[in-house]
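The structure appears below as structure tokens.
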Amino acid sequence: MSLGINILQAIGRYSQMLIKVKGLVASKRSKYQQIDIVDTEEFGRVLVLDGLVQSSEYDEHYYHESLVHPAMVLHPNPERVLVLGGGEGATLREVLKYRTVRRAVMVDIDEDVVQLSRQYLASWHRGAFDDKRAEAVIEDGKAYVERTTERFDVIIMDLTDPYGPEIARQLYTESFIRRLYSLLADDGVVSTQAGTSFFFPDEYRDLLESFRKVFRYVDEYSTWIPSFGYACNFIVASKVGSLAALSEEEIDRRLRERGVETRFINGRVLKALLAIPTYYKATQGTPR
Amino acid sequence: MSLGINILQAIGRYSQMLIKVKGLVASKRSKYQQIDIVDTEEFGRVLVLDGLVQSSEYDEHYYHESLVHPAMVLHPNPERVLVLGGGEGATLREVLKYRTVRRAVMVDIDEDVVQLSRQYLASWHRGAFDDKRAEAVIEDGKAYVERTTERFDVIIMDLTDPYGPEIARQLYTESFIRRLYSLLADDGVVSTQAGTSFFFPDEYRDLLESFRKVFRYVDEYSTWIPSFGYACNFIVASKVGSLAALSEEEIDRRLRERGVETRFINGRVLKALLAIPTYYKATQGTPR
Amino acid sequence: MSLGINILQAIGRYSQMLIKVKGLVASKRSKYQQIDIVDTEEFGRVLVLDGLVQSSEYDEHYYHESLVHPAMVLHPNPERVLVLGGGEGATLREVLKYRTVRRAVMVDIDEDVVQLSRQYLASWHRGAFDDKRAEAVIEDGKAYVERTTERFDVIIMDLTDPYGPEIARQLYTESFIRRLYSLLADDGVVSTQAGTSFFFPDEYRDLLESFRKVFRYVDEYSTWIPSFGYACNFIVASKVGSLAALSEEEIDRRLRERGVETRFINGRVLKALLAIPTYYKATQGTPR
Amino acid sequence: MSLGINILQAIGRYSQMLIKVKGLVASKRSKYQQIDIVDTEEFGRVLVLDGLVQSSEYDEHYYHESLVHPAMVLHPNPERVLVLGGGEGATLREVLKYRTVRRAVMVDIDEDVVQLSRQYLASWHRGAFDDKRAEAVIEDGKAYVERTTERFDVIIMDLTDPYGPEIARQLYTESFIRRLYSLLADDGVVSTQAGTSFFFPDEYRDLLESFRKVFRYVDEYSTWIPSFGYACNFIVASKVGSLAALSEEEIDRRLRERGVETRFINGRVLKALLAIPTYYKATQGTPR
């Protein structure tokens, strides 16, 4: 039974999920959002921002590996990586697994998220913040992207949902995507989580369209994240090639050569993810 | 909206209440129960034991005054008081308002509840634990009552519900009530909270019957406690008289003479509470 | 346990109640609102409008008697009664208990509510719609009040909450209350339900203030309605006298003389309700 | 927002899902279970048994195609098919798409489920019950399987979860699986839905082990079903071959030759489903 402290989180507009909490770890109202870190019965430790599970101990690798590796593998030689959001440090952790990476910049607006994650989410970042190649910048991602003159091989957007809080929404616009394009090297790749296309099909398609207007190659796939209550969509966009063109063997070869060990994503799984429809209602011909 | 961390608590067998949490204060799995102290949007700070709100900052005075003052006023000269449960210290606080009181013993099974309450629920106990007249005993209330040879003028049961966790249920049996009777002075009074007679009419009536079998005078009334989601029932039983026999003026005189200041209970309100039916379905002729 | 179909209803801004449904009776999207009639485990049959329980089989008498009888008893000789809202017919039923009543007009905007209530809520109306003294008008209460030239002894507002849907809000304004005043006979009385003053203290006080600006005598009280999850506030306003001036005996005498039998309200209970503070946080000195 | 009538359904032991209901269609307490058919905001029409969504209009094809086609495609020439459970008729509908099928027997214990589905879930069965090749038997699946002397090419178990109500649990035991084995032709195939291996890893592994003890070839895969709140596991077991041995092209060829049109499952998708780990915590090395 689930009486007691629970997380009540939105899945769709008219669907919610209740997750039983076992113990309270930390809680802070930051300048930007309500931050809660709790221990749950079925997902281990969980980071919750404004009432939405960002990631959980038992399934964060599904999410972070799905977000990072397809983009990192697609690029021929990822050396300079920009992470927007991702204050838990787990996206940074996955990026730093690549021995090709010489510099990884993480830009998160909320210092408190980073601080509390460093303190309470050690199994997420695993020391990533202390890696000499990493730099953690506390700043609005939009402002950072507008002012930087640096160029990147890969940019990873690890933000709240495209249909979520206002603050992140402006990072999903076509004009912002164009700005990312201009920051990328000629063989650059960008990846983003994109919420759930089943519950927000229109918002998802709009975002996909924006990427397609700006980038020549755009791939999409989704991974079920149990603690989200849905299969999370991801979009990978590139200037020079599609994931579809990489064989299972080539993906595994690149991971191996770059020194990357994974728990979920590999050549076989990534090709499979790309083969499964991403469940947005209209694509499936389902009545809305 | 109420997305985010919430308390999900039982109201009846088939009714629940969701209460939005604003921040996490403390959380511990004790030897006996899950203890959570949280700050909520609509009730201020709240103590939650095994998923049930025990009392909240904004309405605890309705509960604790309804539990303590009728019994304390009914007794001609309450000097020795025993509180079973009530680890928050608020029942003790109300008892110690009486300048007639020379000794007040609080017996709570869970040291962690007392410890966390002392630390985080200052507006509940307001120093009651440090009053020289008070003694806090950490022990199973049943064991204490069985071993003590002390006699008391007033005994107050501030436990979980009669139909709640097993550990408290044995303190609501007829044989236990007889034991309390034997501990009371000849003009002794006992009072207890009794959960909700609307949602648990049979359990409530059984308890009321048990008191009636043991005590000559038994009064009942209920007070709406917003954070419980229901009007909480109370039973006051006495060897020598009923609350019905006290006039409004006499109640106010006794409170005044004994130096007691209250926020909710006074002569007028107590007489009114006694006049209103206590909502158990059968009494009201309501179909079940 | 409560898995399965449930009513999820708001109690406050940040508190909700889950009520387990046993069976579905009827359901319609009317021109104005979503209407659901369901059978529940703990409240019997329930009428739900836009997700809020309007009344339930097991506790509707607490609500309807608290709404109707204080006003009807306060008036020296209620002959002409106007009910705004109240499409279930239970308010009309209580009004028609008075043999003094010669004409009772019920004005509800939603024909479907009236139709479904007639069909499925027989224990609510109990034939009230067929009483020769009764007239059911399907019209916006505001429009009716503005166009009618009739005068009434008692007006009863049985609407959704003052802080609820827009459509009813305009019937809680000072200017509307002034219009009601002008429709009332010289000894006229108006009564209204007023939602919950604990959870919406500001909105409640605004409404109370509006009545006080218009009427010389204004009484307030509250009754716990289990299926609402709170004690519901009521306001009774009169041109010529206060409920405070009626003795318990006088109330009982008037009920008796007028041929009224009740299950909840009588002289003793009504005087008690008036004696208990109505729990709005500020009055009680509770921190907000 | 989701206030109003909702389905509250279990996802795991400590996780639940709230699904907003738009309208009530039908509701019956049958001899075996509570049956509710409702229209929802985000899933269209939904069949709910004992508080659990069985299938929804917008995503039932993901479920039913995942359950039926892998098994039907694996068999070289499926002519005689037995469906246990599946009273909605959608599993039968998918089975009857195969022109190889000469006889399809559906055995459901609950006549009321079949009756209400025929009346209100036309888009599920689409006339399957009227197909001359189909026979609907109202009987306990266990009793049917024990008494029949017929042999089948494919058996499909479309029951409540292996860790769900007692009545279905006895159909997931090793001895029952052995009985199914004995009913199957020499090249027979059985498939079953298996609940969620993420939330019930032990129960899932036990079931998988039982199949492995009885059958030489056992495949597993999972498909996210939005209205379940999780990716649903499926197990396909065969006497003579594994799905792993079928190429994408061979799967598509068999579907085409047998006259089967699908919306979700095809060679590419089925091979992909088989390639993705099925998320049970221990396999993934996730702490429990």
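Couple of notes before you dig in:
Going in written order, the chains are labelled A, B, C and D, and every chain counts its residues from 1.
As a working rule, contacts are C-beta pairs under 8 Å (C-beta built on N, C-alpha and C of every residue); 3 or more make two chains touch, one makes a residue touch a chain.
All values reported here derive from a predicted model rather than from experimental measurement.
Contact with both subunit A and subunit B is made by no chain of the assembly. The rotation that brings the Cα trace of subunit B onto that of subunit C spans 180°, given to the nearest 5. Averaging C-alpha coordinates per chain places the centre of subunit A 33 Å away from that of subunit D. Taking the mean of the C-alpha atoms as each chain's centre, subunit A and subunit C sit 52 Å apart. For subunit A, the set of residues that touch two or more other chains comprises 2, 16, 18. By the contact rule set out at the top, the touching chain pairs are A-B, A-D, B-C, C-D. Considering their complex, residues 2, 11-20, 40-42, 44, 57-59, 61-62, 198-199, 222, 224, 226, 229-231, 263-264, 268-269, 271-277, 279, 281, 284-287 of subunit A touch subunit D. Touching subunit D in their complex are the following residues of subunit C: 2-10, 16, 18, 21-29, 34, 36, 38, 48, 50-52.
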